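This structure is in structure tokens; I'll ask about it shortly.
Labels A, B, C and D are assigned to the chains in the order they are written; within every chain, residues are numbered from 1.
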Amino acid sequence: MKLSNSKIVDMYKTMIRIRKFETQAMNLFAQGSIPGFVHLYLGEEAVATGVCENLKDDDYITSTHRGHGHIVAKGGDLKYMMAELYGKETGYCKGKGGSMHIADATKGILGANGIVGAGHNIAVGAGLSIQYRETDQVCVCFFGDASTNQGTFHEALNLASVWKLPVVFVCENNLYGISVNQSRHQAIKDISDRAVAYNMPGITVDGNDVFAVYEATNEAIKRARDKKGPTLIECKTYRHRGHFEGDPGAYKPEKEQNEWLKKDPIPRIEKYMIDKKIVTNNKLEDLKKEVDKEINEAVEFANNSSYPSLESVVEDIYTDIKEEVRVR
Amino acid sequence: MKMMTYAEAIREGMRIKMQKDPNVFIFGEDVGAFGGCFGVTAGLFDEFGEKRVRDTPISEGAIIGSAIGSAATGLRPIAELMFIDFLTVGMDQLVNQAAKLRYMFGGKITLPMVVRMPGGAGVQAAAQHSQSLEAWITHVPGLKVVYPSTPQDALGLMLGAIEDDNPVMFIEHKLLYSVKGEVENEKPIPLGVADIKKEGKDVTVIATGKMVHDALKASELLLKDGIDVEVIDPRSLYPLDKETIFKSLQKTNKVVVVTEENKRGGYGGEISAMISEDYFDYLDAPVVRIGALDTPIPFSPTLESYVIPNETDIVNAIKELI
Amino acid sequence: MKLSNSKIVDMYKTMIRIRKFETQAMNLFAQGSIPGFVHLYLGEEAVATGVCENLKDDDYITSTHRGHGHIVAKGGDLKYMMAELYGKETGYCKGKGGSMHIADATKGILGANGIVGAGHNIAVGAGLSIQYRETDQVCVCFFGDASTNQGTFHEALNLASVWKLPVVFVCENNLYGISVNQSRHQAIKDISDRAVAYNMPGITVDGNDVFAVYEATNEAIKRARDKKGPTLIECKTYRHRGHFEGDPGAYKPEKEQNEWLKKDPIPRIEKYMIDKKIVTNNKLEDLKKEVDKEINEAVEFANNSSYPSLESVVEDIYTDIKEEVRVR
Amino acid sequence: MKMMTYAEAIREGMRIKMQKDPNVFIFGEDVGAFGGCFGVTAGLFDEFGEKRVRDTPISEGAIIGSAIGSAATGLRPIAELMFIDFLTVGMDQLVNQAAKLRYMFGGKITLPMVVRMPGGAGVQAAAQHSQSLEAWITHVPGLKVVYPSTPQDALGLMLGAIEDDNPVMFIEHKLLYSVKGEVENEKPIPLGVADIKKEGKDVTVIATGKMVHDALKASELLLKDGIDVEVIDPRSLYPLDKETIFKSLQKTNKVVVVTEENKRGGYGGEISAMISEDYFDYLDAPVVRIGALDTPIPFSPTLESYVIPNETDIVNAIKELI
């Protein structure tokens, strides 16, 4: 598949936007500005980027606890994201959701989700809706390797396949569910093997190769838009950090880590772009600076925003009822 | 004015909305040509076709998840769980997703969805098919819960539930399906409005679901003893119409709450605690709760009927109270 | 595999014990002696029989809503079964369980179950226990085709395979989940295909051929006892009746029904035994009479038993607490 | 006498039993070498090995199911759910299986199993990782439910829970894990025995989990105003020690119930309703419940701490009551 240079540069930019957003979040968490649980996407940038490059604004995604990368790639605004991580009223969720619950309906982002496996069936519902409304949208469902042992994975893929729903299931196999290596949470190597159980195509790609991810998804999405049903795509990748910030990741053997660091998707695309003369080193630096600026603005925005008003706590539960803040 | 069974009234509520709004549709296990395990959707498949009345695989999580995903993206799904007992299988999708997404997302999505679920005992279906689980779901912020006791209420509440922009849990009682009643109008009943099923001045009985009928029977029996019972059916468990309860209490100063749930930890306790807390000065006597014995529902007919409260229990409780 | 004649006769006898028990239950339900929901095993007798013939008393099984056949085959006593269907105090569960909840711990029967898919994980737990206690027992998990779309199926097979537990998963594919044909509840034809998702052997056999079922299970059980892990066996079969008594089964095409009636496992094994001269026609009649007698005794036992005392209703919830029968 | 954290005490309880009984073992997500998400099982993997301290895949249904199947066949499993919020995922196995099998089978099987589950808010983990779900499980006949508030109780209740022959739900509060306290003995605490954390004569506060500590703080503040609060920790939510509550009530004639749950439909309501029903004549004032606001738990620190009750709420409620 031939990609235009500008598309390649776009993809690169998305990748470094994720990389730099996450690096900043890591630092801000360490210094205490961001509370709660933060699961970083560092190392997995090629997956969200390669997938979402295929999507239109009105296509849907469902995301996970490790959702920042998906949201950036699907067009989320870094300012509102960062403000949400801080718990500020200007955040995507008015401070009510935090890192694990960012959503943006205007961009088709049906939300990060703190329950492992919960996005699968919501994605199926969005797929059902697309089919029902007869549009040519598609829904991509992101999830981790370990989530494929949750019953919801099975129910979702079964329903999507028997109803031929326009859903693309993208598994980010980063080898671990928290501390548990894939070899100890399932008896298979390639999660794409599970597609057989639903009579749908299952593909495994190098998840650190943004072009491979792009291509595989492109085909799956075409299939979905053509009403041919769902596809399961497994992207083999690796997370650079611990499961969440604060986890030193002692269970990851050093050798394994080093090998995967060599496969870091970002130097890889950079080298490709330089080798193929798609960009110059100077252009790369400019792009990075641009992104740095955006990130700094996002942090500033978050810093300057207020915490939500206490009254707001009883809003947004229902469309119509505001809970009383009565004697508890 | 028409005579209708409770099941027909539920169906009629769905049909009216489906005719008006192409975004309303139904899915669940065997709800299609089969017409549902209790026949509630019978005929709708023929009328609206497979697209709008869909059989699903046995995957309650996927059923509720499909409701969430489709509601979030512009549709107004009605999902059926074959028995309320199967809530347990889709509990995460309901409680951690449907109920919370709007809040967690800062109000950015809207989930107009109805989940129908037949509850209650009385058909020797034993412990896994006879529960009354309203306490769990009324405890969850983000869900609304209704529970009709008559055909008229079933129709009106179904219209109200489908119009509502929030996840509405629609509890049905399987023993009521064949109960007939007059249906005077096809107007939606707004959620949060109780109905006084019988006016009275001596004692207030707050009852839900099938227990409304037992309370009415008890009130007839008690009339002979000169005791004039007021029977209130909240109809909507959340939001709860506290005003109607309060008005009645001001008159009677005595309350009995009757639900079919296991008494320990039941929704009846919430009503009781709320009344004590807010209207203590109006109480001449403790709020009495009547519920099922705290056992799983047994199979054997004699045991089952012993566990579930009935009009005699209500009569006895009221006599003791007065 | 060479089976001794006496073993074949034993299997036949089990099959007609099930057939006649179920036929009697059908009649008793129709005449109002048995309340509640009754799901009959008529037509599927070869599955339970072929499987359980391989099991010892201390091996475990988990069963389903359609459990009578499994219980008979695993050695359940017809008297206590029938009394339980009636809801009598002499029943297996003292009348508290009914048709859907018969269990017999002394025979390793971990219970019929009214929740579709609930037995899967209980079976895994029994398998875990066997492995932990280092015995050579095995646990067989019975379930229907439609239950394989429940998340629990997936979680159970995954866990059993990654831990190599001695569990044999036996799917009774009778083509329907209530009214929904397999083609409308999953996109696959052979449920044994799902074994791939767990890297375990998956086998499809003719579920109306008791010998085929016996053989496949025999191998799987050997594997399990040899600590080589679980197997998924799919038995293609058909239920003669509606989903439960009272369901006329209008969704089953007449042609389909007729074809399957021709494959009825009972005439089939009878013909085999006669053809191979394993039994004479007279012997067959004797066997049937013997079973008729046993069934009649079971019915009489149930009829003559009392309903449980009302006080017993608060017993058996806990081992130590008896609930008060207080003002409700 | 030793100083121990609450987490250490839970661990110590498990360790003692594992040393004595080879049939006691642990499994759950990341409970092995990783030591559990909150570090509660740290070190047990090294001590007892992989067979007895097992990591599972992320399959809560299978975790609870494995506990059931192994308990039914002779073992004494301790299963960990990483957060109580994940109950929703394994709810059927817990409620329709673990709680009901013994009853449905006429007492023919015994399920000695413990399910550990950290609950509660306070670490900005937001709506899906901060719930207090005791109301659901106390409502289910067949389950026992304990909820320690101190290291001593955590150790004693863990021993009691493992010895118990029934499914015991062991709720832990994640904010208490690092709280230290003296552990005087290693005796099992029988389920169903409350503890008076502070004696007093003016008002009875019944509090659970972390709220016990807030109640104790409130009682100190109130002492300055001459109000002498008695603080009761039921420790075991079911079976509930009604006697201790009744005795206190006879003295104080006033009760405040404090739980961290969403107030609507919470277990606090059950206690309140029970007290009104059984001891109405001893009440000088309504039973007051204090609970969280009826919202999903918000993420933002300011909102979160606003939603959850604290000592000031308790002080205010008591002042108003007296």
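Here, a residue touches a chain if its C-beta (ideal position, glycine included) is under 8 Å from a C-beta of that chain, and two chains touch if they have at least 3 such contacts.
This is a predicted model, so every value here is computed, not measured.
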Co-neighbours of chain D and chain C - touch as defined: A, B
Reference chain D; chain at largest CA-centroid distance: C
Rounded Å distance between chain B and chain D, as computed from the means of their C-alpha atoms: 30
Chain centre separation in whole Å, for chain C relative to chain A (CA means): 45
Mean-CA-position distance for chain D and chain A (Å): 36
Sites on chain C at which at least two other chains make contact: 93, 95-97, 101, 113-115, 149-152, 155, 158-159, 162, 184-186, 317, 323
Shared-contact residues (touching 2 or more other chains) in chain D: 57, 59, 61, 85-86, 88-89, 92, 96, 103-104, 126-128, 141-142, 288-289, 294-296, 298-299
Category of the chain touch graph - line, ring, star, complete, other: complete
Residues on chain B engaged by chain C in the complex (per definition of touch): 29-30, 32-34, 37, 55-59, 61, 85-86, 88-89, 123-129, 263, 288-296, 298-303, 306-307, 309, 313, 317, 320
Chain D partner contacts - residues on chain B that touch it in the complex: 85-89, 91-92, 94-96, 99-100, 103-104, 126-128, 135-136, 138-142, 238, 261-262, 264-270, 272-274, 276-278, 280, 285-289, 294-296, 298-299
Sites on chain A touched by chain D in the complex: 35-37, 87-88, 93, 95-98, 100-101, 113-117, 146-147, 149-151, 177-180, 184-186, 251, 307-308, 310, 312-314, 317, 323, 325, 327-328
Residue numbers on chain C that touch chain D, as the complex places them: 60, 62, 91-97, 101, 103-105, 110-111, 113-115, 118, 120-130, 132-133, 139, 151-152, 155-156, 158-159, 162, 315-321, 323
Interface residues, chain C side, partner chain A - complex: 149-155, 158-159, 161-162, 184-188, 193-194, 196-200
